[in-house]
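Pasting the structures in now, so scroll down.
Each of the next two complexes has chain A plus one more chain, namely chain B in the first and chain C in the second.
Right, the complex of A and B next:
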């Protein structure tokens, strides 16, 4: 079902991904218009994460805006690429022997939902940064948007799995895989916001910074108690 | 193996997939094939299955092929005309035709009114697609019924014959199992046919409600309920399809 026949991007599909995830998930399972869905989902993933990345990078400004805008779509796509075989295998193990096309389209539309939520979160984040939000607050706000987007994607994925044996185990396993791979991929390609107190912009950081969870915890500490001495310059 | 080695291997696989995509879409002769091939290089694990793999989607012809009653021996043609498959196909076609007309007229009835949000052309297309899928399933089930060795009447006769001949219990049990399975197939087909008929009735009622709403100038109270019922029936059809597929 396309409202803009022949157009490159199907806005109606995006609307269905947001408003009728169960419908879209059923279409994925049944391999209906899978190619068109995959193409549109890929476009949505790239555009949504690119703009969100630009908003995140605008905290530092300059080249960092472009670096973050370029890196975030790579993080998203790399996560999906790495997770795709795992998702296929896990669904087969849990009595869902779907075709690769079905599994991939389900994963891609979930990714598209993720990116659409990121896209929706972009203006508030941009506004927050423009109003002079601190490094830590911006980082937490971006992480919150990521979490929200993850929940939105998860709801579509859960509906796509349908009822059947091992549904909860499968969801837990898939979440663990996506979280691990996503976190590691994004950590490898950091920084996105830039480094506080450092004027020059780097494409990749190779310093030891204690891991993603540690850094998020440090940000929470700094937001709660700005006077707290930390390991940040 | 370093990250660079992995990236090189990934790239080689991407280029190979890209060449395969170009070869497969050689006939299309459009820029789409080139864009598709370019996208395949970095995204081959995500994109190549959609371009290279054959979709397992069920064909949904708007007018399923019908067997020609005039083909072959007249007696065979007559048999086929009386077969469950032909009866089912006729029934499914009749219900589908009613549904298509009701959908078309319903969409026309709500055009330019606030009810067009409730019952848009997209909604009608979706219902039509679901109905087409059920019709294809009925066609498949009908084809099975007319296949050699899958006729319930023949399997019933076989069970009776084995019982009369005093065949071993194990042989009779196998033949009985075969007969019961074929009866279940027949029941599935009948259930689908009934569901389509009920859906057609419902959509005709919806069409009438929408016409009332259009000419009365205000949405009728029963319209929302019927639309909900239509979706519930469609979900039921989908569930039957999933269960049977």
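Right, the complex of A and C next:
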């Protein structure tokens, strides 16, 4: 399948990433058309996460919308950059000594699939927020969308690994690394939604807030029992 | 954009009236693989492939290079840990992580060679050295790959316990991969050993693994104060 001549963005490739992840993964592994694939994947990553970030930031509105829109693509790209050497090393140790180009293109198209799912989740999230969803519900909805996108990206990555020894160990290891790095990167660049009860908007917060897992758990508690006393203003 | 391949076998059905494309009739070198993959297989070798795959010929230089590269990659991970303190700690932690692997290669492995000779195992000094360098190369590659993630954590997390958990978990993972590689490399020559030797090896191999793990842990405990909370 070919893209439109002269077009900057290959919609056909995006369709293949969503519909035929195994084929795309095989192309990455065999280093076929890697530069075009990487360029299109980068565009998808930036656009998808930017729009999703804008929807998340719309909970607070104003400058927060632009801050969150700007930060989400940075989180995505930083996670990929930090995880790339680990993916290269892990795949080599588990009997898949691919070239760095193959590993990078596989990661980028996985990231593109992740962002395309985020893009699909953007309208429902925006509508939920527009209908007046609480801070905690909005946070959980955004996390749920992130989880779905992660599963979609993982599917492509798993297909890309092909058959061979150590596949399950490698998947578990890569999931752990992606989760740890992604969580820490996004935690570093918080806030995205804004802070409840605080009118002014900050680009970054340096409050001691106990970590990402702790904050998600607090949100579950608040959604289940809104009357529960919290530790936020 | 890559160049179009010379042959397009059955990827798309020709439309009616189309002139059939010329077909390359030369027999493929490896009939089991698609033609376009064969050229890549013969010419391509990634850095990781060159590092992890042992050569067929006995080459001490190649094994020394693998060992040195593995230690260098492991030092990257140590340097990343040292970023929490900065300055001299970057270098001292880099040396510390490499020292743990060096201790196993320089102390534990020669001791194991004596045990292998005692039980009359059919394993030459070179085979043992190759297994050792392969294990260090794999452990080093993993640690080098994890170095950016470790740097992210040690620089940005507030609590020391997270740094300790991330650091020791990474070292444990690399150690497990190294030990697994070592045991796998020795499995084939040991299969040809006598029954008595194989029986002895069921005790000697776990004992070696335990000794190597404790030795490396002790060195890392002493040499990496960022992980033990001494800093």
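One rule holds in what follows: the second predicted complex is superposed on the first by the 232 of 233 C-alpha atoms of A that agree within 3 Å, B and C clash if a C-alpha of one lies under 4 Å from a C-alpha of the other, contacts with A are read in each partner's own complex, and residues count from 1 in each chain.
Going forward, a residue touches a chain if its C-beta (ideal position, glycine included) is under 8 Å from a C-beta of that chain, and two chains touch if they have at least 3 such contacts.
Because the structure is predicted, anything quoted here is derived from the model rather than measured.
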Q: State whether A:127 touches chain B only (first), chain C only (second), both chains, or neither.
A: neither
Q.
Contacts for A:77 in the overlay, against chain B (first) and chain C (second): which applies, first, second, both or neither?
A. first
Q) Who does A:11 touch here: chain B (first), chain C (second), both, or neither? A) neither
Q) Of the partners chain B and chain C, which touch A:85 in the superposed model: first, second, both, neither? A) both
Q: Identify the partner contact of A:179: answer first if only chain B is touched, second if only chain C is, both if each is, neither if none is.
A: neither
Q: Quick one: classify A:104 as touching chain B (first), chain C (second), both or neither.
A: first
(Q) Just checking: does A:30 make contact with chain B only, chain C only, both, or neither of them? Give me first, second, both or neither. (A) both
(Q) Touch test for A:203: chain B only (first), chain C only (second), both, or neither? (A) neither
Q | chain B versus chain C as contact partner of A:38, first or second or both or neither | A | first
Q) For chain A, what residues appear in both contact lists, the one with chain B and the one with chain C? A) 30-32, 35, 81, 85, 99-100
Q | Residue ranges of chain B in contact with chain A within the complex | A | 39, 42-43, 45-47, 49-51, 53, 55-58, 122, 125-126, 129, 238, 242
(Q) Could you list, by residue number, the parts of chain C that touch chain A in their complex? (A) 1-2, 36-37, 40, 44, 46-49, 51-53, 138, 141-142, 144-149, 152-153, 156-158, 166, 173, 177, 181
(Q) Which residues of chain A touch chain B once you look at their complex with the stated criterion? (A) 1, 3, 12, 23, 26, 30-32, 34-35, 38-39, 42, 77, 80-81, 84-85, 99-101, 104-105, 108, 162
**Q.** chain A - residues contacting chain C, complex
**A.** 30-33, 35-36, 81-83, 85-93, 97-100, 173, 177, 180-181, 184-185, 188, 208
